[in-house]
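Next come two complexes, and both contain chain A; in the first it sits with chain B, in the second with chain C.
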Partner chain A sequence: MSEFLIYALVAAALFAICLHGIITRRHILRKILALNMMGSAVFLLLITIAERNQVDGVADPVPHAMVLTGIVVAVSATAFALALARRYHAQTGHTELHDEDGST
Partner chain B sequence: MSLAGIWVILIPLICGLAAFAVGGRSARVIGLIGAGLTFLLSGLLVLHVWQSGVWIYQLGGWDVPLGISLRADGLSAFLIGMTGAVGLGISLYAVRYFEDEDEALTPDPSPDPSAPLRTGAGRGGTEVWLPGTSYWPLWMLLWASLNVLFLSNDIFNLYVGLELLTLASVALIILQREQAAIVAGLRYLLAAFLGSMAYLLGVALIYADAGVLDLGLLADAELTGTATQVAGGLMAVGLLLKAALFPLHFWLPAAHSSAPAPVSAALSALVVKGAFYLLIRLWFEVFESAGTVSVEQMIGALGAVAIVVGSFQAIRQARLKLMIAYSTVAQVGYLFIMIPLAGSFGDPEASWRFEAWTGGLYHALSHGFAKASMFLAAGVLLSALGHDRVWHLAGSASRFPVIYLSFGIAGMSLMGLPPSAGFVGKWLMLRSAVESGQWWWVVILLVGGLLTAGYVAIVLSQAIQHDVEEHTEPHPVPKLMTVMVFALAAMSLLLGLRAAEPLELLEIGAPFQTLMSMVED
Partner chain C sequence: MENRDPIPDSGPIVRVLSIILGLALFGILATAVLELDVEATGLTDTVMERIGESGVDHPPTAVLLNFRAYDTWLEVAVLLLAAWGALVLRQATRLPEQPAARSPGPVLDWLVRMLIPLAIVTGVYLLWRGTDAPGGAFQAGGVIGAALLLLRLSGYRSIGLFSAAWLRGSLLAGFAGFMAIATLLFITGWTFLEYPPAWAGLIIVIVELLITWSVAVSFVALFVAARPDDSASGPVGGER
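Let's look at the complex of A and B:
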């Protein structure tokens, strides 16, 4: 098994675990964490691709640029989601998403 | 004029930042200037594409594949034009809407520090939270990200545009800081980020396979490998989640109905179309050779279920805004019927493909105007009557004749009755379905029209009833708001009377170029 394949499979597994987490976990913080990790899984794959695409021992810079931009996007998105979750918690005291009629 | 495509992104961005920096009541002025300029620039861009064909711009002078390019063909120009016109209408409405809201929240101008502040849901103690001040920067950001989405020609850049769009949308939903809106906003945020992540994984896989990110180069590469198929599946599911196609629509009704009226209008009329646009762009250009009839039929079937389930849900709703939101779920279904019709079913050279393509997009256009008008109408009723319960609207037609007239016209366009724009879209799709022999879509298109008539009729029949139980005098509504509701509804009618030019615009750079001559004959 090539090195590329190992890393790619790890990324895929991580993505799948996070998908499972988002769907099954009820706590908002866990859902946000799972989304954040999902981003990391994609970044891992991109870095792996950069390594595979190297020319003369220099890794492909395009995926690196994508990861950098992706991290910026992920940080702002996570911060926004966390702020929103905090406001929700402050207003309702809940850590899980409830509608006003009590259903989740 | 050829730089209109850049300014159409930069102007709302600059005005949004300026409105944020200035804050207070001047934010409104800046926002309004931004809306006016963006509208004009959108018009210029449409004109430019109309006259000189596809517009391409290499950002910073770096050529593809090293740089990122902006590109406007007929499809992009069509949707930017729609966004410009609907956006201007929503902006003018929002000026008076938030003025009203903010006035109700601001303490009396006579400085009396002991007077209790009517801060609503604000938590900041003495600080008064004014939704209107935050509305303008966010709305400008939303508009800019929509234009980025329609113009960008780089799949990673499109990912950034999608995320910006989500952030702006969610921030706008929770503008009033009510609990229902926060729950809806959080749910929307989680769903939309999940969609973005699936899309991003697709981008990574495509890059692994093709080594380029530019849409044009990807289209030329004619990818068919397994990685591309997996990427296509991931991107499609992610975008379907964002476009709220059944059964991935669970977040939409609450999010669209709990937002303030100008935001609901923008979300239903424009934001959903952003994800839809990207999906068809990818589907018919990048994944064209990887698509199969069975997958396309399945997406169409989901659209059909969305039409039936969404319409029935809309009929069942007791609150007007929820009814309109479920109507969006149903109308999104129509858009996706386009995929099996324009897809790989039957003869690849057939002219029905282009008919389905233009029909679906014309439906998107008419839905943009009609749905914006409906949500804005619901906003007028909500602020005038203090509620939007459908069964308590009895007799209100005499007090809001223009509002209900507009609601009726917009409803007509959603049903697809001639001579509205919705009719043009539906007619083209029907023709395409008949010509291609996919008669099952004919059935669903017609049944959908009847179901739409159901919920529009419920509202109108309630409104024209005579037994008025006058409890309270309705709160006066600024005239400009009513005018905008009517203007948007009128546009959804007028575009049906003059459809030749918009349809011709769609031919420019369409992925069905071989058919152009055939259709014109």
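Let's look at the complex of A and C:
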């Protein structure tokens, strides 16, 4: 199996594991972390593609640039999610999502 | 509240269903990945052919700030929205001052005085190096933002000094500057976000400078605004 496929399959597995995390974990922080890791799985795949596409030692700059863009977007989204989570905790005292009637 | 039982995760049925879903998703993704060519050159040749027109020598910088400037422009927009959203959640137009100025102590005080100029020099260097090596606006913004945070955490006044207009202007600078330059060129006959090759280098440096400042202030704003009020403790009631 080529190096490219190993990394690409690890990225696919990481993405699926993170989906499991988002569904089964109740704590908001864990859900946010799982979502963030999901992004990292995509970055791993893009970096693998950049590495595969290299010509004369220059990695493909397009997927490379996409990862750089993606990292900032992921950081922004995570930070905003954390701000929302803290606000939610301050307002309700909960660290997991509840329905209007108080049931989980 | 901290002593409460850990929150139970989903029950066994949800877990099993979720594992099945995860395996199915992995199967789909793995099939997609296995269909990719193991050897390819992608867009490397295309970029390297035209890099002379981009105004910079580092391929990823050329893609980020010239060939695919749209991505970077909207990336700055996402960062702006996140920082703005965090401020809105706080219902604040400026960031709170550090509560009570603590005495940093001689060691921390000395360290901060040494590190802040070093961080500023490193930030500017990273920004400049971005034209021909890894580096650029976001890395530089990260370092300068960290310097602002260090000042704040060690009891100095930093971001809290910004007036509402200054804070807003700083957050907006990258997005608005990028758009202003693109619009100006658009009016003078270029495609939106296309740079004349002769001016591309200068335009990229100006845009990167503005983005650096916006990124630094946005990171600090996100960090500070996400913290609940330092004076308030426990759940806030009846605030809305």
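Note that the second predicted complex is superposed on the first by the 104 of 104 C-alpha atoms of A that agree within 3 Å, B and C clash if a C-alpha of one lies under 4 Å from a C-alpha of the other, contacts with A are read in each partner's own complex, and residues count from 1 in each chain.
Simple rule for what comes next: contacts are C-beta pairs under 8 Å (C-beta built on N, C-alpha and C of every residue); 3 or more make two chains touch, one makes a residue touch a chain.
Note that the structure is predicted; figures quoted are calculated from it, not measured.
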Contacts of A:39 with chain B and chain C, given as first, second, both or neither: first
First, second, both or neither for A:31, with chain B first and chain C second: first
Which of chain B and chain C A:49 touches, first, second, both or neither: both
Touching partner for A:93 - first (chain B), second (chain C), both, neither: second
First, second, both or neither for A:16, with chain B first and chain C second: second
Which of chain B and chain C A:63 touches, first, second, both or neither: both
Partner with the higher number of touched chain A residues, chain C or chain B: C
Contacts of A:76 with chain B and chain C, given as first, second, both or neither: both
On chain A, positions contacted by chain B and by chain C: 15, 19, 45, 49, 52-53, 62-63, 66, 69, 73, 76-77, 80, 84, 87, 90-92
Residues of chain A touching chain C in the complex: 2, 4-5, 8-9, 11-13, 15-17, 19-20, 23-27, 45, 49-50, 52-55, 58-66, 68-69, 72-73, 76-77, 79-80, 82-84, 86-87, 89-93, 95-96
Parts of chain C lying in touch with chain A, wherever the complex brings them together: 1, 7-10, 14-15, 18-19, 21-23, 25-26, 29-30, 32-34, 36, 38-45, 47-48, 59-60, 62-64, 67-68, 71-72, 75, 78-79, 81-83, 85-86, 89, 138, 215, 218, 222-223, 225-228, 232, 234-236, 239-240
Touching residues on chain A, where the partner in the complex is chain B: 15, 19, 22, 28, 31-32, 35, 38-39, 41-42, 45-46, 49, 52-53, 62-63, 66, 69-70, 73, 76-77, 80-81, 84-85, 87-88, 90-92, 97-100
Touch list for chain B against partner chain A, complex: 121, 123, 156, 159-160, 163, 166-167, 170-171, 174, 177, 179-180, 182-183, 185-187, 189-190, 193-194, 197, 200-201, 203-205, 207-208, 211, 213, 254
